[in-house]
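Two complexes follow with chain A in common, the first pairing it with chain B and the second with chain C.
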Partner chain A sequence: MQRAVGTQASGDTGPVTSGAPRRWGPLLPIAPALLLVLALFVYPFLYGLNLSVHPLGALAKGGMLANYAAFFGDPRERTSIWNTLRLAVPVTVLDLVLALPLAYRLRRPLPGQRVITGLLVIPMTLGTVLLAEGMIEFFGPAGWVNKLLLALHLITTPVQFVHNYTGVFISLMIADFPAVFLVLLGYASGLDPRLEQAARTLGAGWWRRLRRVTLPLLAPGIAAAAALSFVATFSVFPSAVLVGEPAGSTRVIALAAWQAAYEQYDYPRASAIAMVMAAIELLFVAAVLAARNRAYQGPTIGGRG
Partner chain B sequence: MSQILARPAPRARAADGPSWWVYAAVGVFALLVAGIFLSALLNSFASTWFGGWLPDAYTTKWYRFAITEFDLGYVLAITILVGLSVTVLSLALGVPAAYVLARQTFPGRSPLLLLLILPMLVPPITYGIPLAAMLYSARLGGTLTGVIIVNIVPALPFVVLIMTPFFEQIDPNLERAARTLGAAPIQVFRRVLLPIALPGVLAAGLLILVRAIALFELTFLVSGARSQTLVVALYYTAFAAGIRPSQAIDAMAVVYMITGLIVLLAALRFINPVNMVIRVRQ
Partner chain C sequence: MSAETVVRSSGPGEAVQAAPGRKIGRVEIRGLTKRFGSVVALSAVDLDVHGGEFISLLGPSGCGKSTALNCLAGLVDPDAGQILLDGVDLAPVPPERRGFGVVFQSYALFPHMTVAANVAFGLEMMGVRSDAVVRRVGQALALVHLEDLGDRYPAQLSGGQQQRVALARALVIEPRLLLMDEPLSNLDAKLRLEMRLEIRRLHQTLGLTTFYVTHDQEEALSLSDRIALIKDGVLRQVGTPEEVYLHPQSSFVANFFGYRNLFPVHVDAMRGDRANVSAPGNLRLEGTARSGVEQGMDAVAAVRPEDVEVLPAGSAPGIAATIEFAEFVGDAFECSVVADAGAPFVVRTSARWVRGAQVVLRVDPDRLLVFPPE
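On to the complex of A and B.
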């Protein structure tokens, strides 16, 4: 019996035996993970969706979509989407543009590779809260940045870097960079060098190689990095409060959702805002994936299967 | 680290042009991060710091203040407890799932993989708010159990994402050989797979731990006064800045940073970040 199971499952990399009734036994180890995701992710999502179409209080008469109508009808609430996008989109794009050449160049180890990657990855441990705390000192009116600029006579009065849009922008740029870099590095180091060599042998210059070979091959990595970065920056919360201007220009959508839930105790309205957030997020991911499929379709890596 | 993770080392060629700009860019970035960290570090040891390049005088009283006033020891213990529980539980759930995803082909594999990874692609607040509402109605809101439960949700996809490619590159012939010799599936897992996979599992665990320590939103939504992790406690103290001396907040921030840094450095010893390739067979 045991041997029978063994031979049956040993065709593991190929398709499970066809014809005979399928055996679900080998798939059983997925069940606990699947149940967890269903119970703690899918169900809460549906629960929130259901909550959001059952408005409370005065909105209860407005029908199922009253929470959504209230959100889009109120300029202060509506603006939170714009406040979030004008942080998340530029930060994602800029981090990609900065990380791409570094990741590409580091796909083959340079001297000190470990130290370099270590230095680039360290901000991961900082987290947005510590980053915000340190930034208040470092970029503050009496901080080192302003002192240096004053000493160099580049400015005459301290520049306001924190407690505004700039502060949140800088903090997100730093907090987000390591993940973008790591994902791109992973993909770049998986590139098959022979493809570029072939292009070179065929006489393509560096620009054509980059545009026609390297970038299309990296498209899946760029898409993955963009999606992960957008999730992180789009749900920005602590830094928007600590180094931003939470009552004004950096009142982001996550903050709007939190305030509805924990300051007004209106879970249905908070859930509606959360659903709007998820919809925007998923639209962005879908757009990125569509762009990726336009750029390149096919296997990403060679030499590693 | 292990041979299994090591990529075939590509021969370096001079075709890429000069590399000084890589060092320059990394230097600028490191300087920025170091400046931010040092500002917080020095301020946490400053008795006062007005106007000068360096603090006027140094003291350790803010750390003592943080320990007594913010209950730093308790918060740190909670943080470590939450981090370790989340790591162990998400590995226990995620590693078997990753193994099956790596080895079996079955209808619906791609959608299943997407479903398991989806929590990474959605902002935590979106499911965190209804999840918190659920937990509060199940009387788990504000408890340590609740905090651990919510933190598993984003950790699990991460395990699946890292461990699936890892298992894919382990030679299936090893398992086949063991089975041919009569080993039961559980024996194959325990005696053959686990020893090979252990370095990868440990590396994934350390990364999960780093993330679990740094994760803010979900803990923030669910934790109560006695179940806060360090980030959340730090947020609350920083949020009430003005009431608290900034040096004491920075003392707490430094403790948080050092906790995370130790784990990250441990992780970097075990793994080459290049191997955290997020790439899964379609």
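On to the complex of A and C.
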């Protein structure tokens, strides 16, 4: 905050510029991010919350919570939560289970490690739409997967992989994996190999090393990856439409909100659904962090010395 | 097997038995060899260690001493050779079943466990009953004077306290061998001295066969029953601290134990173990030849700073030299001296010499050692 030395000679200007700005100075670098969060997250959130408690039309006389009551009172609407959960939870769990051993294996330099890591991360660069198009071809009735299964005589008629729950499930698995993998890789490569060696010399076989040392130390990473993955998959929208069955089994909650907003033009109702969505995501993240704290009670920093 | 152990270990080892009751923990290392790619970390190392002996593996960093320790712990598989513990080959025994206490340089405490849980870990892996675990953890923490810190996490401890926890964790399992890899190198000088005494006390109390890896000759001298000097994966000399300090067999070992003046010489003549040598700049000196030195060969001469006598110029015959600078080091002055012929020496004197003073240097032929070239 200090002026250049040359201008200090003029006297009073120095102390004047070093009052308030110096105190707030350290915040300056984060100011753009803070503004962005306020403008793009906090304001829209509060705006939507306010909108959701001012119901339109027939619901207007039902009070502030009429939109919420309507959502939970309608079985078709209510089911969208279940439709989303039964995608988001298994996809998150399965991606974690697949990514964890890979990230652990690749935590130290191996021959070909860059290539493997690159291949694993590529799906991230594909948009959901491109991915969906590819899937329709690849997994379609005349696609390679069915052709292969037919040729191997594992099936007699083509299996329906897309335009149903399976299609969305596969699409989310692929799109979500890189983020989970990269988060876990970051944490796994920070593991001190000496800790496992110490556990070994103290008599711990591989299973007890994993359960007592490695997994607890990776718990913060697993929690972060699970939270990210769940939030991303719970807000699934494009693939639920493109490779799913949007009128039935994959009518996810984001789709319900979209239909309220752009088919019925009921913004307050759509906002209420979005609030429900946010609440569920928040609950999940809170649960994951609580579980993490149970697994890893030590300080989160300074443990690698 | 135990009878044989008692008989065998009461041989040459009894002079260094720290705890008289302890007759196990005899280690024989035979032809231990390990390569990492093209680098030879250990080259056919042979070493016999008596039960209860404290042995230091001493050498510069990268000399292979840590590799040797990792081979003992089972964390590194040797390419050739074997390690026998009380006559039993360790090769088929994985580290988790060796039951050795290992203290790592970085301590490797589990950051997500309390001090007590860290110490209890090995006992739990052994299936010790939980009431016995609590009792033995308490004893181990008392042994290292940390009985009040069991509930803390490692990150809340000082370096010295972490070091004690690492020791307690290694000792609580009543290991057959204690392996320590530069355990004091992360501590400041004062704490290092304190922990050194602590380690010595623990060794005298428990009498565990201990391998202690270090690059600090002072640590090795003060702690060890014997010191094994390693250079480039080759065992160069094994002996008691007095032996290696007073009778180094090579210029490498001499350099490690205070022979700070090492310089190339030519052996002009030999009379018994007396060697007349000449150094660059036509310096002529008389020294004591070590085995392997022959007339006419290029050799290395070594002398300690305190064994060089410094006299005023002209008062006696000797090497004419000039004081370059003098450092006060507490109990003496260490001076850098340049002989007029060009060779620099480090000398230790009780007198304060000023920069630029003209002096003569004299060396007792008994104190100037002549080694064959490395």
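The rule is short, and it goes like this: the second predicted complex is superposed on the first by the 276 of 305 C-alpha atoms of A that agree within 3 Å, B and C clash if a C-alpha of one lies under 4 Å from a C-alpha of the other, contacts with A are read in each partner's own complex, and residues count from 1 in each chain.
Throughout what follows, contacts are C-beta pairs under 8 Å (C-beta built on N, C-alpha and C of every residue); 3 or more make two chains touch, one makes a residue touch a chain.
What you see is a predicted model; the values in this text were computed from it and never measured.
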{"item": "Which of chain B and chain C A:Ala286 touches, first, second, both or neither", "value": "neither"}
{"item": "Touching partner for A:Leu106 - first (chain B), second (chain C), both, neither", "value": "first"}
{"item": "Touching partner for A:Ala261 - first (chain B), second (chain C), both, neither", "value": "first"}
{"item": "First (chain B), second (chain C), both or neither touched by A:Gly134", "value": "first"}
{"item": "A:Ile116 touches, of chain B and chain C: first, second, both or neither?", "value": "first"}
{"item": "Which superposed partner A:Val97 touches (first chain B, second chain C, both, neither)", "value": "neither"}
{"item": "Contact breadth on chain A, by residue count: chain C or chain B", "value": "B"}
{"item": "Which superposed partner A:Thr201 touches (first chain B, second chain C, both, neither)", "value": "second"}
{"item": "Chain B versus chain C as contact partner of A:Ile155, first or second or both or neither", "value": "neither"}
{"item": "First (chain B), second (chain C), both or neither touched by A:Val231", "value": "first"}
{"item": "Contact residues of chain A, present in both the chain B and the chain C interface", "value": "200, 301, 303-304"}
{"item": "Chain A partner contacts - residues on chain C that touch it in the complex", "value": "73-75, 94-102, 104, 106-113, 121-122, 125-126, 153-156, 162, 169, 173"}
{"item": "Contacting residues of chain B [partner chain A, same complex]", "value": "7-10, 12-13, 15-16, 19, 22-23, 25-26, 29-30, 32-33, 35-37, 39-40, 43, 50-51, 53, 92-94, 96-97, 99-101, 103-106, 112, 115-116, 118-134, 149-150, 152-153, 156, 160, 169, 172, 175-176, 179-180, 182-185, 210, 213-214, 216-217, 220-221, 231, 234-235, 238-239, 246, 249-250, 253, 256-257, 260-261, 263-265, 268, 272-279"}
{"item": "Touching residues (chain side chain A, partner chain C) in the complex", "value": "192, 194-195, 197-205, 208, 212-213, 216-217, 219, 296-299, 301-305"}
{"item": "Contact footprint of chain B on chain A as seen in their complex", "value": "2-3, 5-7, 9-10, 12-16, 22, 26-27, 29-30, 32-34, 36-37, 40-45, 47-48, 51, 98, 102, 105-106, 108-110, 112, 114, 116-138, 142-145, 147, 174, 177, 182-183, 185-187, 189-190, 193, 200, 220, 224, 227-228, 231, 234-235, 237-238, 241-242, 254, 257-258, 261-262, 267, 270-271, 274-275, 277-278, 281-282, 285, 300-301, 303-304"}
